[in-house]
Amino acid sequence: MSTATISRFPVPELEDLPEDIRSQILAVQEKAGFVPNVFLALAHRPAEFRAFFAYHDALMLKETGKLTKADREMIVTATSARNQCLYCVVAHGALLRIYAKNPLVADQVAVNHLKADITPRQQAMLDFAIKVCLDSASVGDADYAALHAQGFDDEDIWDIAAITAFFGMSNRIANAVSMKPNDEFYLMGRVPKPRT
Amino acid sequence: MSTATISRFPVPELEDLPEDIRSQILAVQEKAGFVPNVFLALAHRPAEFRAFFAYHDALMLKETGKLTKADREMIVTATSARNQCLYCVVAHGALLRIYAKNPLVADQVAVNHLKADITPRQQAMLDFAIKVCLDSASVGDADYAALHAQGFDDEDIWDIAAITAFFGMSNRIANAVSMKPNDEFYLMGRVPKPRT
Amino acid sequence: MSTATISRFPVPELEDLPEDIRSQILAVQEKAGFVPNVFLALAHRPAEFRAFFAYHDALMLKETGKLTKADREMIVTATSARNQCLYCVVAHGALLRIYAKNPLVADQVAVNHLKADITPRQQAMLDFAIKVCLDSASVGDADYAALHAQGFDDEDIWDIAAITAFFGMSNRIANAVSMKPNDEFYLMGRVPKPRT
Amino acid sequence: MSTATISRFPVPELEDLPEDIRSQILAVQEKAGFVPNVFLALAHRPAEFRAFFAYHDALMLKETGKLTKADREMIVTATSARNQCLYCVVAHGALLRIYAKNPLVADQVAVNHLKADITPRQQAMLDFAIKVCLDSASVGDADYAALHAQGFDDEDIWDIAAITAFFGMSNRIANAVSMKPNDEFYLMGRVPKPRT
Amino acid sequence: MSTATISRFPVPELEDLPEDIRSQILAVQEKAGFVPNVFLALAHRPAEFRAFFAYHDALMLKETGKLTKADREMIVTATSARNQCLYCVVAHGALLRIYAKNPLVADQVAVNHLKADITPRQQAMLDFAIKVCLDSASVGDADYAALHAQGFDDEDIWDIAAITAFFGMSNRIANAVSMKPNDEFYLMGRVPKPRT
Amino acid sequence: MSTATISRFPVPELEDLPEDIRSQILAVQEKAGFVPNVFLALAHRPAEFRAFFAYHDALMLKETGKLTKADREMIVTATSARNQCLYCVVAHGALLRIYAKNPLVADQVAVNHLKADITPRQQAMLDFAIKVCLDSASVGDADYAALHAQGFDDEDIWDIAAITAFFGMSNRIANAVSMKPNDEFYLMGRVPKPRT
């Protein structure tokens, strides 16, 4: 896939990017083996790129709270499917499979979280995330109580809401600019990694 | 209104905040005459606060492109009303009245942009923003063409989409944490400023 | 604003109107200081005008029951916002601010009644009104019980339903004929009346 | 069916009603052979009863304009079905069958006007009525143009909108008070009247 | 009505049909006095015709379980109305009237089952059927429990779901090919059969 | 996965099934290497099983018309995703990958067909299928014309509608009985088959 097809907008060459962004992209490439298209598509707007990934990291790399990395990617996958965002369902579904060490769960929560093989705690987490995604105006005390009953505290609830909200933004941008996921994501986490 | 009522979450005291955040808040207070509650509510999470306002400024203080400040606040007001976000409709409606020098337009676009006294160009801008807000999955060539016909170029379209997406995030967070707008916003821009 | 812009339809001159309608309009003008556009727009159809205001007065000037004038205007404001009727949100929001002696409440219930600073009794009243507005087919025993629990009796429930239904009619007519609110309404009740 | 079952609210005895209302009801009974339940249910509120029927008559007995009596009842039947109002679909479906001299058309427009055996002019009329019923906020120039193209003028459009709006009110009241249609309506207009 | 008008697709002549289909149609005609149009419209595709009616009979002529014939037709009528399928509402409404020996119930459940004169057990049955019709993804334990509470066992629940699902298919095909109901159905079951 | 978890309902043992059904299942097992759970779950009802697969085969194994096997599975995958049916999205997504010899297309059409790498002809096909799935009542001449413009004839349109309708039934049954897809489906068609 040429970069010409990953977004409706121009995709900058690595060497034309500001140093901090180029470094960040090279680091991702080093770790993942390829550059996820969201980095290239958003690099079209350096100031927005920096804020986007700072926000992303504050929510997704956060070391406190009771949400596991798999929980967070599960929220992203389930809510991005409701927003019909191809990029995020495919890319974060891959991360979910990897973090959860479960090759099936991403497809399950993307299609219908109520039929997924997940815990009641995760069901409650996704019920709330989907409500924030689709009808945040109606969120209220009863929603907080349902999560408290599953062991989440208020800070966890902020995390769920903020992750949902952040990726709701990401979904809308990706849909509006027709961002395409890298082919690599589709298969990631579905088959055991070859031993080296 | 005590700070206890502006969010479901603890609101930090100014003196307990990291220096950069305290300075930013004091600068806003200096300029506006009061501290908009979003600064206090988000200060609960410093890393997210920094990314949020960096993103906000990248989109709303951007000096290029054909969107005026009033255009941007109009997008925020119209889409936040669709998401039923009290904080953003009230706060950004105030900014819209001020930038547009029009005391009526914020209520008009919040209730029904199709009946607002705005230009055909702004109607097209809001049609697109509302589609990104409510049904981004269906955005396509015809939407771009409708905006091009009104003189917007692709970079302007990115701006409209990104502003809508960013405040869609803000709306969901504000709704989930029950963020309340400052009383001051309700009247701002509705009456001529007293001469000094 | 010329009368030419308050409706898609011809707006009669006062002197061309039947005597009873002209008198009614002059009385309103005497009291309010201006003629609300709904009187002028509906005067295009005298028989409908008479029935409309007879119905309006039967519901809104009714002296029995437990709904205050502020309660009634709150119902109108909240449900008209769901129907996206610019005229009614602006005009009745003004009346709500005045009757409730609260400059903030109209914007709050128009955007999201669940976040408004109103009583639990008013929350229940608006929950019911919004259900009648959006999904009257599902109204049933549980809805009556929820209102009884807040101290409303059946006659109050009829009032809430009938006010919602009447303004649902008004909203649809206003939207269909593009009725515009008078500029005066936007500011009414937001600032203390100057002493005379 | 006893009157106890036609509404959640008390149904007054004829002899307890104000003279004008009793006369009106007796006149209807004389003409129809029975008293439609809407007269009895609304008589619970005499002032509203008078305004309701004055409005009804202004719209439905109006002698000017290009809408036939069958057109008007067709609008009522189609939009009341969208509001799921049992009383109005059954009672006005009966009137539609009679005025249209067509025993099939009421069921057709109640289920799906797009599949009904009606004229293109009536299709356009119902397209508009259903838009006023379900999404009046979006009514605009294109809707007026579509009706003009079928020979309707602006006054006819007012009629279609007002009839839809009035019965949208009626539907909500009937649903909220559980008004039941008379058994007689179900069969009216389906079989040829016996000759006398 | 000529066969040319009962479907967008060619309707075969009886003599051109495979023997088994012709026999089946003649048997229906013998029993009903006319050939329901669904037989003629689907005969355009003999293999699909055979599977459709085999499935239909397995669900609707099934001799076990607690659903009466009237219950089954009530499910079909109520859910077909939600799918706005003219053929099924009219044809199965007729069968419902006949099996329930009730000339009113079909119109009632087609318009709003919550206002129909049916038993609480039937209300629960239709609540479930309508959920399967409109939002099957959300069906879960609570729905099963609500039906168990009314005396339905799991096999009955399968029946309700499968009947709803089968006619949801039928509704979509009928809508897509514009299948028209026979005129005879509209009146069936509304008037007592003449004695012979 | 034990058979106990593939459906809310009892799953018969192969040896307890009628001979024709057991043979059919063994043949599928021979060909696929495993028994897709839909065969086991529906075997609970032999008469329905026979009709279901006869209908399935009439539509999906049909040798005439212009729909390829990949086209048909694409319709199933896209519409089943709208109905949030886990079984059908996963199982038919697998078949789509295999027939299309494309490991990415199933995830693409399941999330958002408008962003999928498919032909304009397939886009039109899916536009129509999704309309039949979600709003069959509005299907009309314009929809037929859009498909004719892409080279589909009326018989192809019947095929698209009937496949959509049939799997809409399947989706509702699978959701109601909580049918689970076999684990094998998730990976099928994503990696090259090992050579033997």
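Just so it is clear, A, B, C, D, E and F label the chains in written order, and each chain counts residues from 1 on its own.
Here is the rule we use: a residue touches a chain if its C-beta (ideal position, glycine included) is under 8 Å from a C-beta of that chain, and two chains touch if they have at least 3 such contacts.
As the structure is a computational prediction, the values presented were derived from the model and not from experiment.
Quick one: how many steps at least from chain B to chain E, stepping chain to touching chain?
The fewest touching-chain steps linking chain B to chain E number 2.
Which chain lies the greatest distance away from chain F when centres are computed from Cα atoms alone?
Farthest chain from chain F, going by C-alpha centroids: C.
Mind checking chain A against chain F and telling me if their interface is mostly the same residue numbers on each side, over half, or mostly different?
Same; most numbers are used by both chain A and chain F.
Give the rotation angle, in degrees and rounded to the nearest 5, that superposes the C-alpha atoms of chain B onto those of its identical copy chain F.
The two chains, chain B and chain F, differ by a rotation of 120 degrees.
How many Å are there between the centre of chain D and the centre of chain E, using C-alpha atoms for each centre?
29
Give, as an integer number of Å, the spacing between the C-alpha centres of chain F and chain E.
Centre-to-centre distance between chain E and chain F: 24 Å.
Using mean C-alpha positions as chain centres, tell me how far chain A is from chain D in Å, no decimals.
The separation of the two C-alpha centroids amounts to 52 Å.
For chain D, give me the residues that contact two or more of the other chains.
Where chain D meets two or more other chains at a single residue, that happens at 84-85, 112, 137, 175.
For this structure, give each pair of chains that are touching.
A-B, A-C, A-E, A-F, B-C, B-D, B-F, C-D, C-E, D-E, D-F, E-F
Within their complex, state which residues of chain E touch chain F.
8-9, 44-45, 47-48, 50-52, 54-55, 58-59, 62, 83-85, 132-133, 136-137, 139, 144, 154, 157-158, 161-162, 164-166, 168-173, 175-177
Taking the complex as given, what residues does chain C use to touch chain B?
81, 84-86, 89-90, 103-104, 107-108, 110-112, 115-116, 175, 178, 180, 183, 186-187, 190-191
Spell out the residues on chain B that touch chain F in their complex, using ranges where they run on.
Touching chain F from chain B are residues 137-138, 140.
Of all residues in chain C, which touch chain A in the complex?
Going through chain C, the ones touching chain A are 112, 114.
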